[in-house]
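Per-chain numbering from 1; labels A, B, C and D assigned in written order.
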Amino acid sequence: MHMFEGFLSADWWQVWLGAFFTLAVLSFLYKENALYRFAEHTLVGGYVAYRVVILWDNTLIPRLRDNMVRDGQWIYLFVLFVGLLLYTRYGPSQYAWLARYPIALNVGYFVGLRMAMLPRPTMVQITAAFRNLWVTQDGSFVFSATVNEWVIFITTLTVLSYFMFTLARDWRPTQWSGRLGRYLLMVGFGASFGNTIAGRITLFLGRADFLLSEWLKIGG
Amino acid sequence: MSIWERFERINPRFIFLLMLFVLITPMIRPIGLPVYITPLTQALYDWVEDLPPGSVVLFDSAFAPGSASEIEPTMRALLHHLFQNDHKVVMMAQWELGAMHSSTVLDELAAEYGKEYGVDYANVGWRAGSENWFIGLRDDFIGGMVGVDMSGNDLTEMPLTRDLAAVRPEYFAGVVCFASGNPGVDDWVTYNPNMPLFVQATAVQVPTYMRFVETRQIEALLSGQAGGAQYEQLVGQLGEASRLMDPQGAGHLLIITLMILGNIAFIVNSKKRAAK
Amino acid sequence: MLEMVQLASGAKWGFLADDGQAVSGFCMMMIMLILTYYVITRARAGFPIPHIRKIAGLEALDEAIGRATEMGQPVHISSFRSTVDQQESWAFWVYLAHTAKLCAQYDTRIINCVSDEISLAIHEEIIQTGYLEAGRPDAYNPDDVRYMSNQQFAWVAGVIGMLERERPAAQLLIGRFFAESLVLAEQGNLIGAIQIAANDSAFQLPFFVATCDYVLIGEELYVGAAYISRDPVMTGTVVAEDMVKMALFGVMIVGTLLETFKAEGADNILRTWFNY
Amino acid sequence: MKRELPMLLALGAALLRLFLELSHYQRTEMQWQLHTNQWWAFLAATAVFIGVINLCRLHMHRIRRKVAHWQMSAWCLFVMASFGLYGILLKGPFQAGNQEHWFRWIFDSVLQPADRTMFSLLAFYIASAAYRSFRMRNLEATVMMVTAAVLMLNQASIGPMIWSGWGDMAGWFMDIINAPAQRGLAIGIFLGSYAMVLRMFLGLERKHLGL
């Protein structure tokens, strides 16, 4: 039996543990069961621990050990204090409102970022909607390219007109173009869906490949 | 109940079972469907071929192990290509699990080509702080990384990373972003538009990123496993992606067949319902 | 205290261009800000504000919670990546507050699964406030706000396990979702829950459109968040948004005319201005 | 203190960030933004134990009340505590232990396969979703179905085998219809989300502060 090569060695355990958890999760397709629950709770507990470890190792400790103590940036002590105010939610209820300070600071800082940065990638998209509706090459008219440009132009405008909520929403042309826009949006969604299936199948193929060639050692 | 009525109300478990069968069979007995190379994959290959020797390429693993089957083949093939041409690789990660997963791949390939850590490749990993952290790298790479790599080695002491002051074109030849969602490509496009950006995305994201390709914000875009299979062919290192293209086709055929049958059932049954 | 960092590139004048789209983005910000301020002042002064067109998914929200109440089963509302830095999360908080209050009034359990620590504190606060506003502070059950790790598929494993074991009758998937969208929506469908999705990610909308009963597409997510309170001041912000949209139609049409009729090799003035 | 100060703090933080982003701080030579970003990143990281607290509370309740499957709750807490403490204490609490061999080994052999398999369930769900929802119920569903089918055949290299122009046709759907539709959607989303941001900025939305 190839499956038992290197029985009980670290590599053997790795493959068998992997196979066990793979099968445990796949069993959910039949119904929710004890094996799945076991994998589920391992995954949740394990990843919570993993996040704590990686933040501890890569952010909390280097900042406090290197930046604060070694380089003397004592502001991190203040930041740490503000951050710890969040935990007052779990203490006596008369101090729970203190948690609003770190929340307000965290959210507010990103509100500023979004205000400044949201328009940035969109500007390129607006200028990309400027189309040349009469394409010529070396002085002669190109039919297919012109049709494509028209389709692109109309699709952009009609899709955007679907999202008219208050102004001009009862105007007949807006309603019609909005409806057309919705159909074109569905074509786009269909394209996304069709393109995605490949990716999703790949994910399972990766697992099946593991089970067949690494665990059972057949095929391939 | 007619067969069509039964078919319309089929238990999803039967579909799961059929799918399992259809996907596993061609893995054991391959058919050998052809692979077509797209211009967007060729663009990445050509860029690597034209790089001056010893260039430093930044890898950004913005994916979790979950989507590794789609992304890892390209990462492997590209590492083969880069290491064969004597280029250097610095790996960072916008996803915390990406850091862990890719370090395994990187170590494996580096060992195969006898590359030395800190000289030919380095792995700086992930840091907390999402966009705040990411934007900071544009101006101070080492400071943003808190001065250490993933294992806690000092970045200023390693020959490769010592001079990498910022994530800018002066220091890195380009970024290859291995993206399976957000954060990922959008961050590069928004906050660091000057870096030449090459993307291996999961297939699901490709339609959305097409608009970046059109506006030249992305230089090359590889789509899921198909992209991996194409790159493997270009480099001549056939691997997982090329092998799994057959079941891929079979799976698609099954879904299309099911769709057609489902629609026939739907039409037959709605005629019956109308007749009643 | 702050260390001096050697400048790697030339100085930049922020407000005065030289950095990509800074100026046009800044103008856009000022226009939106002034318009919004103007419209909400009008609304506060009691001038009439145009009505918002009907959004089917929003009407269905109350209905779904009502159905869960009738069946005596909980309501599940979640946004996967509800980190505090995303505008989707901010919209989600509005829906969460609304749902929590309704659930408290109807005496229905509300289950919320969270994937971010700071958001966890915020969601607890929001739901608690909802119960307080409904006059039933002691009915709030802290065990129904659950942290299921911040990793996508651990979170999904926890949520679909919960769906199977606790069988909510309504599932509201609002906010930011990635690949897990389809798993949650299909599993919700298998347990027969009524499903409403609201999403602005072009990757995931196709799946929600294919599998959910009602979907708020893209911008509708944010407009719904303004509309849900039925407050004229909030609705006013949507009017400002529509004004800018009308202006952008004009910009696109003029830009296209310029592009079509410009001389060979000339620059499009509007494009230059927008890109700056 | 309870109501106004948090609002003011949020406004102050937003204005600070807005100024830093728009002014292009490189001029100041002090790289203020870089440092403020690092402080805020650290602030966010200090919240990490909230999740641990929540998970402990939930599962402790379950164990105490002996609800169904309480053994799993105990297992979950055990995994979290043992794996977490092992990672932190492995090389002493002040040294990074996450790249150590056995820590990675556990990650690679337990968490990673379960995570990847969880994701791979999508292959099955997408098949059943496609089967169930792609019906010619109305025009909307039909156009979605037809484009999906065209793209699927192309992805699987089957389309190009039937007709050499298939790839171009799929490309046409992607570039000429899909890309501008995404663009229209994106511009709409930008406007909607910007209005949302302004509502936050102006203090109209303050649900997160419990107000």
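One rule holds for everything that comes next: a contact is a pair of C-beta atoms (placed from the backbone, for glycine too) under 8 Å apart; a residue touches a chain by one contact, two chains touch by 3 or more.
Keep in mind it's a predicted model, so treat the numbers as computed, not measured.
Asker: I'd like the most central chain, judged by C-alpha centroids against the all-protein C-alpha centroid.
Answerer: If we average C-alpha coordinates per chain, A lands closest to the whole-structure average.
Asker: Return the distance between the CA-based centres of chain A and chain D, expressed in whole Å.
Answerer: The answer is 4 Å.
Asker: Centroid from C-alpha atoms only, then distance chain B to chain D, rounded to Å. What do you get?
Answerer: The separation of the two C-alpha centroids amounts to 17 Å.
Asker: Can you give the whole-Å distance between the Cα centres of chain C and chain D?
Answerer: 14
Asker: Tell me, which residues of chain D touch at least two other chains?
Answerer: Within chain D, the residues that touch at least two other chains are 22, 26, 31, 34, 38, 40-42, 44-45, 47-51, 55, 69, 96, 98, 107-108, 112, 114-116, 118-126, 128, 130, 132, 134, 144-145, 149, 152, 155-156, 174, 178-179, 182-183, 185-188, 191-194, 197-198, 200, 208-210.
Asker: Multi-chain contacts in chain C: which residues touch at least two other chains?
Answerer: Residues 5, 9, 20, 22, 26, 84-85, 87, 90, 118, 121-122, 125, 147, 149-154, 157, 165, 179, 182, 202-203, 206-207, 209-210, 217-220, 223, 238, 241, 245, 248 of chain C each touch two or more of the other chains.
Asker: Among all residues of chain B, which ones touch two or more of the remaining chains?
Answerer: In chain B, residues 12, 16, 23, 64, 66-69, 97, 127-132, 139-140, 143, 148, 150, 152, 202-204, 206-208, 211, 214, 226, 248, 251-252, 255 touch at least two other chains, as defined above.
Asker: Is the way these chains touch best called a line, a ring, a star, complete, or other?
Answerer: complete
Asker: Given the complex with chain A, which residues does chain B contribute to the contact?
Answerer: 13, 16, 23-24, 27-29, 66-70, 96-97, 99, 125-129, 131-132, 146-148, 150, 152, 186, 189-191, 202-204, 206-208, 211, 214-215, 217, 223-226, 240, 243-244, 247-248, 251-252, 255
Asker: Spell out the part of chain C that touches chain A in their complex, as residue ranges.
Answerer: 1, 3, 20-22, 24-26, 28-29, 49-53, 84-87, 90, 118, 121-122, 124-125, 147-151, 153-155, 157-158, 160-161, 164-165, 182, 202-203, 205-207, 209-210, 217-220, 223, 235, 238-239, 241-243, 245-246, 248-249, 251-253, 255-256, 258-260, 268, 270-271, 274-275
Asker: For a test of understanding, state which residues of chain B touch chain D in their complex under the given definition.
Answerer: 10, 12, 15-16, 19-20, 23, 33-36, 64-69, 97, 100-101, 103-104, 127-130, 132-133, 135-136, 139-140, 143-144, 148, 150-152, 203, 206-208, 210-211, 214, 226, 245, 248-249, 251-256, 258-259, 262-263, 266-267
Asker: Of all residues in chain A, which touch chain D in the complex?
Answerer: For this pair, the touching residues of chain A are 10, 13-15, 17-19, 21-22, 24-26, 28-29, 37-61, 63, 65, 75-76, 79-80, 82-84, 86-87, 90, 97, 100-119, 122, 125-126, 128-129, 148, 151-153, 155-160, 162-163, 181-198, 200-201, 203-207, 210.
Asker: Please name which positions on chain A make contact with chain C in the complex.
Answerer: 25, 28, 31-32, 36-37, 39-40, 43-44, 46-48, 50-51, 71-75, 86, 89, 99, 102-103, 106-107, 110, 113-120, 123-124, 126-127, 129-134, 153, 156-157, 160-161, 163-169, 185-186, 188-190, 192-193, 196, 200
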